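Same chain, two partners: chain A is paired with chain B first, then with chain C.
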Partner chain A sequence: MTQTEIDSPDAKRPGLTRRQIYEAQVRRRSMAIAAGSTAAVLLALVVLIPLAPGWEGVKKSFFNADVFARTFPGLLEAFLLDVAIFAWSAPLIFLLGLCIALCRDARSPALYPLRLFGTLYTDIFRGVPVILVIYLIGFGIPGLGLPRPWNSPYIWGTVALVLTYAAYVAEVLRSGIESIHHSQRAAAASLGLGHSDTMRFVILPQAIRRVVPANMNLFVALQKDVALLSFIGPVEIFRQAGVYKSLLANFTPYVGAALIFLAVTVPATRYADYLMNKQARARS
Partner chain B sequence: MKLTMTSSLALLMSAGMALAGGHCAAGKTLNDDVLTIATGNPAYYPWVMDDAPESKAGFEAAVAYAVANRMGFEDAQVAWVRSSFDQAIQPGAKDFDFNLQQFSITPEREEIVDFSAPYYSAAMAVVTRQPVVDGGAEATLASLKGLLWGAHASTTAVPMLAEIVQPDRDPLLYGDNADVVEAMKANQIDAALMDLPTALFTAAVLMDDGVVLGQFPPERSENPDQFGLLMEEGNPLKECVDAAIADLAADGTLAAIEAEWLAEATGVPVID
Partner chain C sequence: MATLDLKGVTKSFGRNTVCSGIDLTVGDGEMVCLIGASGSGKSTLLRCMNLLEPIDDGVILLDGVDISVPGLDPQPVRQRIGIVFQSFNLFPHMTAVENAMLAPRRVHKLTREALLPEITHLFERFGLADRMDHYPDQLSGGQQQRVAIVRALAMKPEIMLFDEITSALDPELVGEVLDVLRHLRRAGMTMVLATHEMGFARELADKVCFLDKGVILEEGPPEKLFTDPKEDRTRAFLARVL
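What follows is the complex of A and B.
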């Protein structure tokens, strides 16, 4: 307060220190530079790209308004299938991931086989590309001769997605569980809680909350990988775009599909970022 | 097989030598004095035998060499490259003079790339398994409607299914014919629609209990499925290729090649 009064001749607004005024100037200047350089890059892109010799061809093949208008409604409809697959896969992934994470955290020597299973599981399913798991499970298991509807590609494609993503989620949850300080377990034990109660009421509530942002990232990735189910039959947005592409010999439907994906994944990613920042602030 | 191969070879050689003089294609090819031809990776029977187009064995391999010879190229001046469907239609410079892998000519595709005159008109055929036939499936539209369908997603089988068969349940679509066959083996689909030569090969070789239930004649669909050589939009070579194909069609060479490699195609019941 007293400082403000001493420095007030330079201040444009009362109540600001010279330091604050200087920092506001620096902020304004860096914002102006950022806006200027962004505008320059955009301008360069807009002016330079159309100068490329192949631009007319690319425009016709990738940014064809006519094709876009014809195919977009069909793409949107196909996207509903992606959303549905995501909706029924996500809870299953979380549950299986939690089970695997708990397996890996088993501390009693008698439960060592569980630990071993958890380790092997995450090693295998994190190490094999999703598309291979989908192919092998999606065609392999129904090939054993299961009757309909139990051989449906929807079922076994979902199983493949769940198995793969559960391995990632398990690792994230395990890191959350391990990040909870040992004193919490000691405190719970001193209150008379058993091992499973400690896990259920003390460790997991904190651990799961701590890894929400990391899991959000995984679920954004899952939303995109749902499209891989198209390889074993379901006509979701990626396959539908491929059909349009073949019929019209035009890649614009892929651009349309990408826009639809972005409309869903960008808000989800922003939200994950927001959560992560909030957590970082709360910790510091 | 060996006998037919040598006879076709002789046929092509004689055609090549007779017309080596007229060189309509001079200076219009990607590399001087070499005709670069693309096909699928892998290329399938009966279009290309054993995935080796250089052997001139298989319908499309034979057609390719016949066209090349008619355009004035010796067999040794033909170079082969491989491409996927997407590579063939993407904008920009191509790494082939023409590409043949059962590309159906459609007006929409014609806007992006050039097609030669057609070298084959393909009937579409229904492939299914013996248990499905035993279960009562017949070569009638009414019976076909009730089946669970599959198809290769980037073929004209997809619109044809929607227009002609109009199945009760949405078809399942796959990235290539091998996957369609796998789904059929796993009983995830009852039947698949594919061009007749591919259907015959699929039912006879790839499946233990495969059946070609019937064929839709080419005139059944609004745009009969005609295969053309695919070229970059505005390729000056097009007129030479078209002239060569017109020649081959007029003197019966195309029909002879078709009879040699696609003879089994006759004798499959027609669906009406």
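What follows is the complex of A and C.
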């Protein structure tokens, strides 16, 4: 057998190796199977769900086009409040999380109280459901009889979110700090750099970059949890949807609200995944 | 002027004694090479010299001053004794020139502008003029190691320690790093090297020390130690590596 025969048995596609032809076949076959099975599942859903006895009722109260059109603009407007709360909470969360992470990394004995504080803090705020923290702080602190504007649910709701999420961000940052190889600290020390300079210029810039994807995931979760503040007063999208529901005796506004959340969180999650994949590729 | 005197230096990690009672004198402008099998204590000894590892017993004198006092602030000492590692340990998020400027900026409180002429000169001297703004992962191993040497020199150390700095390099890149060392040698830098480059040690060292199981088994000028070793184990080691 000559070399040409081995390399391209497929006479119609010269220039391809046996391996490439085989892989192209496998790829075509898997795509066909994936498309077929997806179509089958979709078809089943479309055919089967309307067969359920309550479908007509559900369609009317959850997927009412008329209600959707009337309430959607109002929901979008209310969502701006969610975005605003997110926008001012996120930087505060990052800063507090960074402080807590640094507390937990403190090594000198004089700073032991800080370290203990950091540990207790993350234990407590990761251990309590967000909604409980929001209730306790959002109702408890204004209950002290603070004057306006210091009794605002915006302030204390934000505080509750910041306190809770900072604990998670702190843990993510700490894992980032610990993932930096000790030889980096040795190199910095060998140049005569002190602890704080080493942390600020050598360790943190690398650690923060490394945990960007993990923090992105946390901030996607935060964007959703902003809706929990509705329980202590602010009329944000979830609350607004509730108002429409009572007004129109229809659940469609909730579906509208869900769609609005998805429009923000899905791209953000995809982006976080993309960053994480990029990082994984860079490291391998 | 810089001399380093080690007297009875002992260092253990747990039950594992890595250096046991090492005496060594490094005179001003001298180049001392530490040779020996891996695990013989060369690297640990170097790390002890600039206080990256605290020693358990013995004393280290820098210009006659004890720098191994427990509890002494190591930073001023490390500014006087630079070290270059086998694995480069450049800061990956900084360009080559930023790597070199960080410590002088923070420790000596100098501005970038004030440092630039001098640092540029160092980069030029070691053939890195066009690599100053590259990040470490855009450089070859040999270039990275030369940047690491520039970074250590930027602190104007009086003594330089080199911890097997060519061991992680591809063979064709070893030469360019050794050239840098030759350069420093001519400039009169006091140097201590842990090395597997026997030819290089033979060519340039004032003194070669053979370490075995944490002690200096034999030391002497290279022509003597390489051609007429006294100890059997030195002879066996040299037979393996030469």
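Basically, the second predicted complex is superposed on the first by the 274 of 284 C-alpha atoms of A that agree within 3 Å, B and C clash if a C-alpha of one lies under 4 Å from a C-alpha of the other, contacts with A are read in each partner's own complex, and residues count from 1 in each chain.
As a working rule, a residue touches a chain if its C-beta (ideal position, glycine included) is under 8 Å from a C-beta of that chain, and two chains touch if they have at least 3 such contacts.
Keep in mind that what you see is a predicted model, and the values were worked out from it rather than measured.
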First, second, both or neither for A:Q206, with chain B first and chain C second: second
Which superposed partner A:R239 touches (first chain B, second chain C, both, neither): first
Touched partner set for A:A186, first chain B, second chain C, both or neither: second
First (chain B), second (chain C), both or neither touched by A:D197: second
Which of chain B and chain C A:G97 touches, first, second, both or neither: neither
Which of chain B and chain C A:G176 touches, first, second, both or neither: neither
Touching partner for A:N151 - first (chain B), second (chain C), both, neither: first
Per-residue touch tally on chain A - higher for chain B or for chain C: B
First, second, both or neither for A:G143, with chain B first and chain C second: first
Residues of chain B touching chain A in the complex: 85-86, 89-92, 106, 108-109, 111-113, 150, 153-156, 158-159, 170-175, 179, 182-183, 185-189, 233
Interface residues, chain C side, partner chain A - complex: 50, 52, 74-76, 78-79, 82-83, 85, 87, 89-93, 102-103, 106-107, 151-152, 155
Chain B-touching residues of chain A, taken from the complex the two chains share: 54, 57-58, 60-62, 139, 142-143, 145-148, 151-153, 230-235, 239, 242-243, 245-251
Chain C partner contacts - residues on chain A that touch it in the complex: 183-184, 186-194, 197, 201-202, 205-206, 209
